[in-house]
Amino acid sequence: MSTQAAVVKKFMNDPETMVPDALAGIATAHAGLVRVDMANQLVIRADAPVSGKVGLVSGGGSGHEPLHGGFVGAGMLDAACAGAVFTSPVPDQMAEATKAVNGGAGVLHIVKNYTGDVLNFKLAAELAEDDGIEVQSVVLDDDVAVQDSLYTAGRRGTGATVLAEKIAGAKAEAGGSLADVAGICRKVNEHGRSFGVALTSCATPSSGTPIFDLPADEIEVGVGIHGEPGRRREKMKPASDLVEEMLEPIVSDLKLAKGDSVLAFVNGLGGTPLLELYLLFNEVTKNLGAQGISVDRSLVGNYITSLEMAGCSITLLRLDDELTGLWDAPVKTAALRW
Amino acid sequence: MSTQAAVVKKFMNDPETMVPDALAGIATAHAGLVRVDMANQLVIRADAPVSGKVGLVSGGGSGHEPLHGGFVGAGMLDAACAGAVFTSPVPDQMAEATKAVNGGAGVLHIVKNYTGDVLNFKLAAELAEDDGIEVQSVVLDDDVAVQDSLYTAGRRGTGATVLAEKIAGAKAEAGGSLADVAGICRKVNEHGRSFGVALTSCATPSSGTPIFDLPADEIEVGVGIHGEPGRRREKMKPASDLVEEMLEPIVSDLKLAKGDSVLAFVNGLGGTPLLELYLLFNEVTKNLGAQGISVDRSLVGNYITSLEMAGCSITLLRLDDELTGLWDAPVKTAALRW
Amino acid sequence: MNTETVNRWMRACAASIAEQRDYLTQLDAAIGDADHGANMTRGFNAVEAKLDGLDSDTPPGRALMQAGSTLVSTVGGASGPLWGSGLRRAGKALGDGDTFDGAGLVAALDAALSGIVELGAAEPGDKTIVDALGPAVAALRAGVEAGKPLAEAVTDARVAAEEGMRATIPLQARKGRASYLGERSVGHQDPGATSTALIMAALERTVAEES
Amino acid sequence: MNTETVNRWMRACAASIAEQRDYLTQLDAAIGDADHGANMTRGFNAVEAKLDGLDSDTPPGRALMQAGSTLVSTVGGASGPLWGSGLRRAGKALGDGDTFDGAGLVAALDAALSGIVELGAAEPGDKTIVDALGPAVAALRAGVEAGKPLAEAVTDARVAAEEGMRATIPLQARKGRASYLGERSVGHQDPGATSTALIMAALERTVAEES
């Protein structure tokens, strides 16, 4: 018996117009917060460019909502570029976004480490620099499921991206220079690690069928956020065992030890109910607590998703006073606010 | 070909402990905002009882998260009672919640119209009154998919519940009397109507298999929030047609006409990506716009869910200055804040 | 009959409902929300635990009231307050005596039925608990009033409950969740009527063992 | 060969990639993210539209550069910047002349390969575009340098691309999304190498028609 749907139904009119149709919805729903450049598929902070502030641009394929468009607003991103589902946006979009948010203090590109995103943002940075805008790029690669070696495209950018956007956004809002903002973004990337598992696959709107097939009692372990199969397939297991298996490589990669303080981010991949995410979060705090690691900040919910995939990722960010303070700073976006 | 999974995998340790395990996660994740009474499965505003303020208690079966626990906090609920998945909590829990939030100005019970919820809250109100607490109850029944007639248990309480909790919460925060708060809650119920559709079923943790089976190209139209089949089964259709079909009974029941102003709430049932919800919201504004009805406030996201069901509900609330003002008032809960 | 009768009836209910849990859930999946098996099992398990802790000199009426309160406090859902209030009323009807006879049993079950109808406002034919319990109480009363041996009258009641249960299949639900389905509720047996028939069958076994 | 050659080549690419769209997507579903068919189709459709609007006196090198820029601006994903920069480099290599010969074609495709390697840093055997394009360029150069008729040399190039494409099956990916799968990428044909073979086959047909 397979748990995969043969066809995944989606609310849409046409796969080709799905992303612009949704962007039009975002434009109306969050009119006070953002404006949407439909031609370039950009979600832009309503009051951009903020003069004298470093601009933050991110973006990537669609299908990860609320990332990135839901994180545009005071204290986080200045603009987000939306590509087709699971496909990096193109350099032209990113260059337009860079122009739109340039307040004279330079622009930071926050890039998830996927070949497509990295290459397109690279060409975009060249275009922006041709326009005389100072650009720095930080590539996020926090996913410990992929070994960072010569034999891969490097670790993927996953959950830590959300944390980096929040924390770098706070630094920019506080008046940090481009070097400062890029620096803190890199620090989040160094101190943040993630691991994901999938209970089901997901289907892109243009294909309509799930990317992989999974037996009723198996899960994909070590998945990213593009519906791709993971590093290995395993039997489904109780949440406490699964959390232990997910935390182990994170804790060891970050060399976390008794007395350390972390932010724990339990993220849903889109199709997993909040009830299960809170349950997982409880397992995370119990497991880390038993190791003497203290969960001092947290985030639980669907923030960086993989369409309707059922699954979760866990991200830990090693905290210090600087990161904690920037995390606590006010933020006002569609998806994150305090 | 069926789109239903034979088995729905869930992150849990044991179906029996799923709700308390998740509540323990909520307690840690939102420690500053709420406290959790594990014995009675209550999420309670951290500073409850707020002296002199009318207390707001809601609750119901679990599996609808963030409803109700995610709406506990300043400007919304004072306490939420969690039942087993899709099963009303028991009167004892509700009576304890009522005691815990009674600040001397009486307590409002916000009840979704399901036989179980109504009966259990009825017995709870009797218990609370035995304790000398003044209780009023408002039963929400906004779902136009069910005819409110002698031949049914009456319309179900769905999306308008979220709006009622927000708006009544604002009224209580502003110092409204129990009669005022109950009155505005009733007003939301009178002016709010909803309609839901499902693309897939969902599975309770104890059964593990989907409640109904749906062919690859069919949808259930007129569903509630308990994985139950809808009023009828139809072929899947483009989002614009579907939205038209969903809006029609709402608009006609509310007798909305050119020049009217509404709050449009596009709600995900748990397994539907945000991308699709924004797309639906865009169709809603286009459709209403063409009728001259103005969408002046909005809410888009997964707020009242049916486990991992893929689907959506649309709620319209006819706005006037009073409702708009209370909607805009500050709120600080886990799931809703501004 | 005495407290031990109540005790054994409630335990027989717990056993048979636990055994039929998945079946009850399946019935509820078809026209409800797939929790009736879990609800009733949770409730009657709690009743067993409650009775374990009861003083041996508790009168049968009190024991039944405790059972009812326990259902109210543990089931949730529609069936909890309904059967819970029902058993509470039944217990109240038995009063404080140490024993009760056939007429007492009729009065108790009749009180349960009234309690359920009062709270839930279901009428016969609405596809609910009432469609099994109503005919059962009528059959029991008829048997007892006709002077039949109690075991036989209770068998009549169980048979009537099962007939009432099966008779819910063609009905369109007008109460509870199943009513939301409109015509689509037709063709399915009501879960609450089914657990009610199990409760009557448990009573039948209990009385038969005592005769 | 001239601008018309470039024009017909690009249109042949668009047609064959659109035709093989689902196949490319399936390959990408196995080891990537199921968008390669959509990506390349979107890109080459845009190239067609771009060429439609081009002045008839645009030199072939310029036309190819425009095609490359269009891919960069419309594809996204890894394949967009890679093939886009590749075609841009190829166009640049052709310079401003109105025509080009076999040696010019070799230089152009060699420049494309260099551009792709420079940007993507893939080595032969990494299971990428390079594994089809590398052998194709080598075969084309060998044929042209050996004085073969151009159509034959281009056929050699297409055959080499297809062999390279098939040779990606046993490889473990070391670049792009497929590398995340580790050993699980073994046994699947690389989508980018596959579309590359289609691009070479389109070139073969274009040149054959002109000969």
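The first chain written gets the first letter, and so on, giving A, B, C and D; residue counts start at 1 in each chain.
Going forward, a residue touches a chain if its C-beta (ideal position, glycine included) is under 8 Å from a C-beta of that chain, and two chains touch if they have at least 3 such contacts.
Only a predicted model underlies this, so the values are computations on that prediction, with no experimental measurement involved.
**Student:** For subunit B and subunit C, which third chains touch each of them?
**Tutor:** A chain counts here if it touches both subunit B and subunit C, and no chain qualifies.
**Student:** Starting from the defined contact criterion, work out which chains touch subunit B and subunit D both, please.
**Tutor:** Both-contact set = A.
**Student:** Centroid from C-alpha atoms only, then distance subunit A to subunit B, rounded to Å. What do you get?
**Tutor:** 28
**Student:** Report, in whole Å, the distance between the mean C-alpha point of subunit A and the mean C-alpha point of subunit C.
**Tutor:** Whole-Å distance between the two chain centres: 54.
**Student:** Nearest whole angstrom, what separates the Cα centre of subunit A from the Cα centre of subunit D?
**Tutor:** Subunit A and subunit D have C-alpha centres separated by 32 Å.
**Student:** Indicate the whole-number Å distance between the mean C-alpha point of subunit C and the mean C-alpha point of subunit D.
**Tutor:** Between these chains, centre-to-centre, one finds 75 Å.
**Student:** Going through subunit B residue by residue, note those that touch at least 2 other chains and give them in order.
**Tutor:** Answer for subunit B, listing residues that touch two or more other chains: 85.
**Student:** Using the definition of touching given at the top, classify the network of chains in this structure as line, ring, star, complete or other.
**Tutor:** Looks like a simple chain-to-chain line, open at both ends.
**Student:** For each chain, which other chains does it touch, given as pairs?
**Tutor:** Pairwise, the chains that meet the contact rule are A-B, A-D, B-C.
**Student:** Could you list, by residue number, the parts of subunit C that touch subunit B in their complex?
**Tutor:** Those residues of subunit C that touch subunit B are 25, 29, 31-35, 37-39, 42, 72-82, 85, 119-120, 172, 174-177, 179-182, 184.
**Student:** Which of the residues in subunit B come into contact with subunit A in the complex?
**Tutor:** 1-14, 18-19, 21-26, 28-29, 62-63, 65-66, 70, 85, 199-200, 216-217, 219, 236, 238-240, 242, 270-283, 285, 295, 298, 300, 302, 305, 307-308, 310, 312, 337-338
**Student:** Along subunit B, where are the residues that touch subunit C in the complex?
**Tutor:** 61, 83-92, 114-116, 119-120, 122-123, 145-146, 150-153, 156, 204, 206-207, 211-212, 224, 226-229, 231-232
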